[in-house]
Each structure stands twice: as structure tokens, then as C-alpha cells.
Amino acid sequence: MNLYLERRTEASRTALLLAPLAAIVFTLLICALLVAWAGAPVGQTYALLFDGAFGSRFALSETLTRATPLMLTGLACAVAFRARFYNIGAEGQLYLGALAAVAVGGMHDGVGFDLPVPVLFAGMMIAAALAGALLLLIPALLKTRLGVDEVVTTLLGNFIVLLFVSMMLDGIMKDPMAMGWPQSVALNPDLEFGKLIAKTRAHTGLLWALGLAVALWLINRYTVFGLQMRAVGANAHASRFVGLPVTRVMLGTAMLSGALAGLAGAIEVAGRTSYVTLDMSPGYGYTGVVVAMLAGLHPLGVVVASIFVAGMLVGADSMSRAIAVPNYIADVIVAASLLSMLVATLFAQYRLRRKQA
Amino acid sequence: MEWMDLLSSSAFWVAVLRLATPLILGTLGVLLCERAGVLNLGIEGIMAAGAFTGWLVVYLGAPLYVGVLAAALAGMVFGLLHAVLTVPLGLSQHVSGLGVTLLATSLSYFAYRVTFPSVNTPPTITPFAEMTFFKDIPVIGPVLAGQTVMTLIALIAVPLIAWVLNRTPLGLAIRMVGENPAAAEGQGLSVTKLRMGAIVAGSALMGVAGSFLTLAAFNAFFFNMVNGRGWVCVALVVFASWRPGKALLGALIFAFFDALQLRLQQGGTSLPGLPELPYQVYLMLPYVLSILALVVMARRAAYPQALMKPYRKGER
Amino acid sequence: MTDTLALQLEGITKRFGSLTANDGVSLSVKQGEVLALLGENGAGKSTLVSILFGHYVADAGRITVYGQALPPGRPDAALAAGVGMVHQHFTLADNMSVLDNVMVGTQSLWRLASGRKPARQRLIELGQRFGLGVDPDARVGSLSVGEKQRVEILKALYRGARILILDEPTAVLTPQEVDGLFTTLRGFVAEGLAVIFISHKLDEVMAVSQRVAVLRQGKLVAERDTASTNAAELAELMVGRKVVMPRVQSAEPRAQAAPVVTLSQVTVSNSQGGAPLLDAADLIVHTHEIVAIAGVAGNGQQALVSVLNGLRQPDDGTIRLGPDHAAAPRTPAGWTAAGVGRIPEDRHHEGVIGDSPLWENAIIEDLNDKRFTRLGMVRAQAGRAYARELSKQFDVRAASLDVRTRSLSGGNMQKLILGRTLARQPRLIVADQPTWGLDIGAVAYVREQLLAARERGAGILLVSEDLEEIFALADRIAVMCGGKIIAVKPVAEWTPASVGLAMTGAVPA
């Protein structure tokens, strides 16, 4: 073919902002074909989808509930990916964070730790963040010291962590009350999040997630560490030349990313489940990668993207109960959005040129 | 249960070889892509797509080998998607691969549900038969007899891929593209075509690996079937130093420990010399070993030198 | 020697954005002839031959090989037409054998078996015929540089090249290997091959070519028969008469000039084995002084600069800073803090973070400075004010302080780097090719700034491939070859010819 890509001198801001939108529209058009294949009317299906996501107080509350952990794992992945550190282990970090939270704040033998609630709460959150951070530190060190690719180590780590959690749930963290169902000791009810919207599952953990998103944005924009993270992610070689402590920045970034994913686990336990179970996360860690990419790795974008993805998942569940379209359409929509967004962003930065004969 | 009982029981080795088969095929697939310089993280999803497509085609009445071909085709389609995104468009190989995995998996699940909207027990097919005609060969006979023809395909694929890579002009070109694309270009080769071809071919192998699960190991398609095997293959390629022979070895080692922990779960968790450990520890072993293998190999890995570097001609 | 035209280039023009690399160049080469292509760095030689070989497509002009038009942009067409290229930076796969590197792409991809035996035989025969023996099964990564070059040449010969392009082939060879190469080239000529020989080095050009074509700033400025010209004339044609800042000349080095940096026996070894990249270098730079490092690229300048930039630690020897001989810092940040200003060779990819805004790049070496950061927060207002001041003082033209730095022109980017470096009043400045790729105005500006810094008392280590620039700016010239510092003398004791000679490794009398 006689075509090649040429970099535009200054990618237009509007093009970059419109890229996700263009991608989503394209995706919805493509997925309409799938809906048609399932034999359902396309318009009605999409209407049910959006209605199930945002169309009622209940729907919105469900979407927000789902969006909370996604926002946090999305932030975790966005932070890491920005520094070109591909953290695919958010799932494991989430579970370990949840476990740590229950270890500190749980009712062991029916009795929680005898400390004032605010202290216990802080301890719980710190433990969760620390657990996630330290977990990701291992692959990060393997990468900086030995050059081991972090994609595989973080991925495999997920399986190992899940087995570890399973071991804990069978053993020392076991809920004495549960009838054979593997779950952990319950969290001290005083530590649970309050309801955001009465009589729904939406909890104040969402405010934490939003707060962390804003905090991350501020860190990126206004702090030295944020400047360093951006520089190292953009050009590690030049960063080394101008004197930035590249390895330290990478490790710090990894720990921040792990901490965010760990907090996702803690907030899920404290807000939604009250126990750690083996199925408490339907892949939030992996979906976080998609959310981060859809958001263009921008913290505030993660807020929007996580609500979009959560909406698709919740809406599809409700839609599939009303009409014969499998709820997996949501995952297809999300995956296709991701890939089309990559392509759309590419064309915002490069243009197609014809080779001269 | 004594060690010797275990190691001399042919049933155990049958299990090992069975467990190794999808790993062998998948690892060869990733190996082919990476030798050409491209990381293909779509394997987890491509295996699911291969498993589903192969199974569906057989369910609809086709012979088993057509199912395998269909699985290969499904792999090639998703492989082509990844190839287009990463080679001419030069997008991040990590993100494209993960996107393909998600897309392939969700499309497979969606298609399954559309075709079988309301079944509780997964519909079954008649899988590949065991090759019982081998059973009279001494020593390896019983082990081979417990396998299906797909395992034979996997075992033959190893020397075949090795031969193509090392002894044909095409293989040489693929390797050069993964080591120094500029050199390949300077010898008149098309880096784009070679890389895309390698990705598509490797993805076909991944699709076949998936079809083993539904057409030989089990006889139905169910969710979460692949269960991380694709990621293990990505780790095994590094362990194998990108060589097909070592890939076979790695797959067998991993499968050995996988079969071991299955046995331990079934027959009690004690072997002489091993303390009483929760079964999860044994389940963890293969994954921990994979990471250790990566660490060990990282020191010495003879990387394809152009792995994960997109090639843009003439860009200053 | 027949008069058959092997190759004809007509009106070749190539632009990269605003840079015109080749401007209407027309050349011809006869069969059985060595044509030398002479010119400074950036004159357009490599671009021209890359167009010939099909790596780039010219914007205008055409190429004829043995009377047939050559389709542009396709290395396979060039190879088929008999054009072979020995690249300056070898295109070899280190992990593969010599035979593999030579054979790849020579057979149809649909063949079932690669006939290695006949190929190996042919390779050995070629090696013997031209005196280029290499073990076909050796792993390329283990070969010496000279041997790797032989493989590059054999690649072209194996494909039946009738026109051979050699891009700066002697840059990385020892004097003995250079002799060997020339013998080989004479063998090519005897066999009727046409050779294009790109070089910097005047003495080599005189020794091996029949004709010389001189390029300057993308244009062909002269063609001569080698027999009827000499090194001095060629040097003048190469460099041309340029408008340059008159030197602020001090007759002698200032009395009591203190050392700014002292290198003793500094050695940097080659991780891939072989001769060290920097071999027991001894050098002192004083205050109020510019020491220029002359030498063809790849002779140890990079290693020297990287130890002074803090990117590498010397494997042997010591570096001391200042008159009190303080130990050298261990990190780039340490060097900056010790009062060293560093101007990198690759301003786009080393000197700035392209995606970051201009003002961040202005302060990026000073993030520990309380003016710009406090309690972990960036003081954006102070930083922007500083960037604004810097831009004004150093004439950095940009749409705003927030533009992505990658969008700046080369000259403005360099002025930014220069500005942030000089504003700190460093006592030592390590300037690596600071005027490379800049337009005349920017070049004059950079030189002016370096001279001003020298006036203020800084010691400057200037690495340059531009002899004219070296003679304009330097107080002393140190010539490097093969990782060694061959000689260091005051500029008055050098001439361009003697520098050129020293660059080939010959120690001056």
C-alpha cells in the first residue's frame, strides 16, 4: 500500500477530546449488528440499555455503585499506564486490599479491635492501600532491577493472590458464622460506609473515589511528583538526562497505583459487601484497564469513563431481563469502544499520507 | 500416596500430557508472534474464541477436524485485528492485545448466549476419541493411548515450527524482522507483511489451542474455560527462550505441577516429605514457578531485539 | 576502465519539513570507478545515498542505473538493479549468524528449505576473492567492528551488487583495517564495480578515489578529478566561506587559570567486549577556556560526554571538579548541582520532554530549587515567570509558555536548553554538537553565547564535527580517535589539515 502515517505537528485539542465520542458512536453502530443478530429491535434494545443504566433513581444508584470500584481501579491503571508501567494486577491488588481492610477492621472471634472508630477506619484504609502498594512493588522491582516484563508478572500475580485469599478464607480469616460458604469475618459495622442514596446500594465510598480522582488530578497538575511522573512516562531517557530520579519515580508510581487498587477493595468491602468473598469482584481489576484507556489516562476522564462502563454493565443486566439480548453485549461494547478509541486517538495525532510515486 | 506410585502411574502422565497440550499450542502461537517482534496479549481471548467456534461448528454437525479448522480461522480473524492495530498503525502492543482479549472473550460469550438462550446445563458434543491403538507400545504406550489426536498435532507442531523458523527462508525472514527490522528492510523484505503474517499464523495456533478445551479435554463450552492458560503461555515463551523445543519442556513442567496439585486435591494433601499444606499452595505452585522462570531467564534472555518496538519507516 | 555510466542521479531534491537535505543534486558514476562523496555533517550525503537505496523517496529528480530507471522508495528494486549499500550504522542482527544475515531475503519465501550449503560455499568464495574472510557461522554480536563491516560488504556482494555505496566506512576501523579496506576497494575497481565512497576524511578521499563530489548544505558545490586536486582545496570547498562571529581572541591562556574539571586516565569499557570506548583519557579544562573535541563521530566522544553528563560512571580513572579536586558526582542531578551545564547532542529526545509544556522544560533541571518548588508543590507562577524571562533573554520564539515543547523549531529548542543551562552561570559547560542542524542565525547565536560564557569564566568542553566551528571557538583542540585522546594543543598550533590527520590516529610530530 502506498500510505503511511505522518505525525501532526500539534495534535488539535478538540480532536483528542472528540476521539472517545467518535469511538463510542462507532461502537454502538457496530454493536447494533449484534443486537439484530440476537433478533431484537435495535432501537428498543439501546433504549432499555440506557434506561437500565441511567433512567431511574434505582438504575442510577446501581450504576454509581458499580462505578465506584471501577473508578478506583481505573485510576490505578491510569496512573501506572501513564508511566508506561502496565499494571494488569489491579484485580489481585483489590482483593489483597480488601483482605487487609478486614484484617484490621474485622470482627475477629466476634470482637473487633478495641480502638476508637476513626482510628480503626484510618487504619483499615491505610492497611488496604499499603497492601496494594507493596504487592505491586514486587513486579515493579523485578522490572527496574532485572528488566522482567511487568505485564506477565502482574497477571500471574492475580492468580496467586486469589489463591492466597482463598487460603485465608478457609483458614484464619474464616467467618465462623457462615455455613460453609467461603467468606471472611465480617467488617465491624461501625466502619461501614453510609448510604449515598437512601434505600439503594449506592454508598459514600463513591465520594472517596471522586475525591481520589480529583486528588490525582491535582497531584498530576500541581505537584513535583506529578511533573516527574509525566516526564518519566513521556520520555524516560530525557528524564534521566535532565536529572530526574527515574527509578524512584517509577517505583513511587507503582506504589501509588497499587494503593489505589487496594483502596478499591477496601471501599467495596466497607460499602457494599461487608465481607471478603472470592467472587466480590467480577473482574474490576481488568475492567479498570479498559476504563483507564477510555479515559485517555486522565484522572477526571476516569470518572466519566467508569460511569459509562458501569452504566453499560448495569444497563445490560437490566436490558437482558426484559429482552432476549445477552448481557455480554456490554462487554462487547466496552471492548469495541476501547479499540476504536485507540484508533480514533491515533488519527487525532497522525494523518494518513500517500507516498509519492 | 507414595511418590513412586504417583510417578509410575500412567494415569498421572496421561493427565500431564493432556494438560500440556493447550499450553504447547498456545505457547507456540505466542512464540511465533514474538519472534517476529510483536507481543500478542490477545491469546486469552483468542483461545476462548477458538474454543467456542470449534465447538459450535461441531455442534452444528461438522466433523471434528472441521471444528479445529474453524477454531484456527477464528484465531486468525482476531489475530488480523491485532496485527492491523499494532503493525501498520503502530498502536501499543499491550493495550491492543488486552483489547482483543476482551473483545474475543465477550463476543464468544455473547454468541454462545444468543445461540443457546436458555440452557442450564451446557450442551455437549462428542469429543475426539482417545487413541487406544497405542496402548500396546511399551512404556509410552498407555500414556499416548490416553491422548486424543490433538495432542499428537501439538507434539508434531513443535518440530514443525522449529523447522520452519530455523531451516526455511521464511523463518529466517521472520526472525530477522524480530531482531532488526531495518536489516530486513535493507534486504528488500517487507517488515509489515512479515509481522502481520506471523501474528495471524500464531493466532491460528492459539485458536487451535482453545479448541482443544472443547473438542478434546471437555465436550462442552462453558464460561471461564480458558482460566488464565493464555497468560501462562505468555510467561512460558520467555521461559522457553523463544525456542519451540524449550516451549515443549516448559509446558510439560507446568502441566506436571498442575497435574500434581489436582492429584493432591483428590487424594489427600500429603505426600511423604511434604508438610500438610492447604491445597491452594499447590495450586499456586505453577504460577509461582512461572514467575521464577521469568526472573531466571530475564538475566540471560536472548530477546528478539526488536520485540515491542513498532517500526516506522523513515520517521525522524 | 570503460566509460559506461553505472549510475546517474539527476536533480535529486529532498525536504524534511523546513529542512532541505538535498537540493537539485546531479551526479554520475562510471563503471570501475570510485567516486568520493565529501561533505560535513548535515551536508546531505547520507540522505542522498538513502534515496538511492530506496530508504527515502526524493521529492524531485530521477535515478538511472546502467541505463534503466530505478523505481524509487523500494530497497528490493535497488537490490535487484545491483545497488548495494554498506550502512554507516550496520544493519545486522547481533543474535544471528553471519550466514543468516547474508542470506535473509535472498531466496523466495515460499521455498521449503534454505540451501545453506551452497550459500555458505558462495560466501566463503566471495570472501576469499575479495579478501574479506569471515566465519559464516559466527554470531554477529561477537564480531569486531571491522569484521561486522566485512559482513555488511559481503551482504551486498552476495547479491551481485555492481554499484557499492559505502557510508563513512572507515569511521570505526583501525588504521590497519583501513588499509585492508582500500585494498578491497581496489579489487572492486579491477572487477568493474562502481563505488561511491562517503567520507569526511580528506586523506582517504585522496588515497582511494578517482573523482570527488563535494556537497555543502544539500547542494553539489564541486566535482573534481582526484588527481588534479589536493586536500587543502577540498577542505576549502567542504567548509566554504561562511559569515561567522569574529573570535574574541586572547593571545595566551589567562594566567592562573584554575582547572574546572580534571580527567585522569578515564576509561569507559565496551559492554560488548573489545576495545574500550574511552581509553585512558587525560584532559583538563580551565576557567575562561573552550576546549574543543575534534574527531569523526564514533571515536569515543559519546563515552567522554556521557561520563561528564553523569549518565555513566567511568570504569577506571578519576574525574575531579574544580581547583580543589572535588570528587565527581554520580548522577546527572549531582552534576547539575555541582555547577555543570550540559547541552545534549539530541535536543529532541534527550534535552527536553517533548510532551511537556515549554515552561516545565525551562525549570526541569531545577526542581530542587526553592524558587520553583515548595513542599512538593510546583510553584507554577514562579516557574512561568522564569520561563518568560528566559525566553526573552535567549530569544526563544514560541506561541506561548504552554505549548508542547516538541513543537518548537530546532533553533528555539536549543535556545531554551542553552538558556536554562547558562542562566545558572555554570562553571563547566559540556556542549555536545550544540549547533548541529540549526540555521545560520541560531548557529551564530549559540556560538555567541558560548563565547560570552567563556568571558564570564566558565570552562567549556565543546564536542563538534564542524571543523570550522572548532577553529572559530576553541582555545585548545583535543583530537580523538579510537577512544583515545590523540593530542591536545592550543589552536594556534593546529591547522585543519593537521587536525584531519590526527583524526585518523596519526600522532602529530
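Just so it is clear, A, B and C label the chains in written order, and each chain counts residues from 1 on its own.
One rule holds for everything that comes next: contacts are C-beta pairs under 8 Å (C-beta built on N, C-alpha and C of every residue); 3 or more make two chains touch, one makes a residue touch a chain.
Computed from a predicted model, the values in this text were never measured in an experiment.
J.: From the centre of chain B, which chain's CA centre is farthest?
T.: Farthest chain from chain B, going by C-alpha centroids: C.
J.: Considering only C-beta pairs in contact, identify the chain pair with the most of them.
T.: Contact tally peaks for the chain pair A-B.
J.: Return the distance between the CA-based centres of chain B and chain C, expressed in whole Å.
T.: Distance between chain centres, rounded to whole Å: 46 Å.
J.: Mind checking the centre-to-centre distance between chain A and chain B? Centres are C-alpha means, answer in whole Å.
T.: Averaging C-alpha atoms per chain gives centres 28 Å apart.
J.: Can you list the residues of chain C that touch 2 or more other chains?
T.: Answer for chain C, listing residues that touch two or more other chains: there are none.
J.: Two or more other chains touching the same residue: where does that happen in chain B?
T.: Correct list: 313.
J.: Two-or-more-chain contact residues of chain A, please, as numbers and ranges.
T.: None at all.
J.: Which positions of chain A touch chain C when the two form their complex?
T.: These residues of chain A touch chain C: 9-10, 222-228, 230-231, 234-235, 237-245, 355-357.
J.: Given the complex with chain A, which residues does chain B contribute to the contact?
T.: Where chain B meets chain A, its residues are 39, 41, 81, 85, 88-92, 94-96, 98-100, 102-103, 105-107, 109-110, 113-114, 117, 228, 231-232, 234-235, 238, 278, 280-281, 283-284, 287-288, 290-291, 294-295, 298-299, 312-313, 315.
J.: Chain C touches which residues of chain B in the complex?
T.: 167-170, 172-173, 175-176, 179-180, 182-189, 302, 304-305, 313-314, 316
J.: Considering only the defined contacts, which chain A positions touch chain B in the complex?
T.: Residue list for chain A touching chain B: 1, 4-5, 7, 34, 37-38, 81, 86, 88, 142, 146-149, 151-153, 155-157, 159-160, 163-164, 166-167, 170-171, 286, 289-290, 293, 324-326, 328-329, 331-332, 334-336, 338-339, 342-343, 346.
J.: How about chain C: which of its residues touch chain A in the complex?
T.: 57, 59, 72-73, 309-311, 331-336, 342, 344, 349-356, 360, 364-365, 367, 373, 376-378, 380, 403-404, 407
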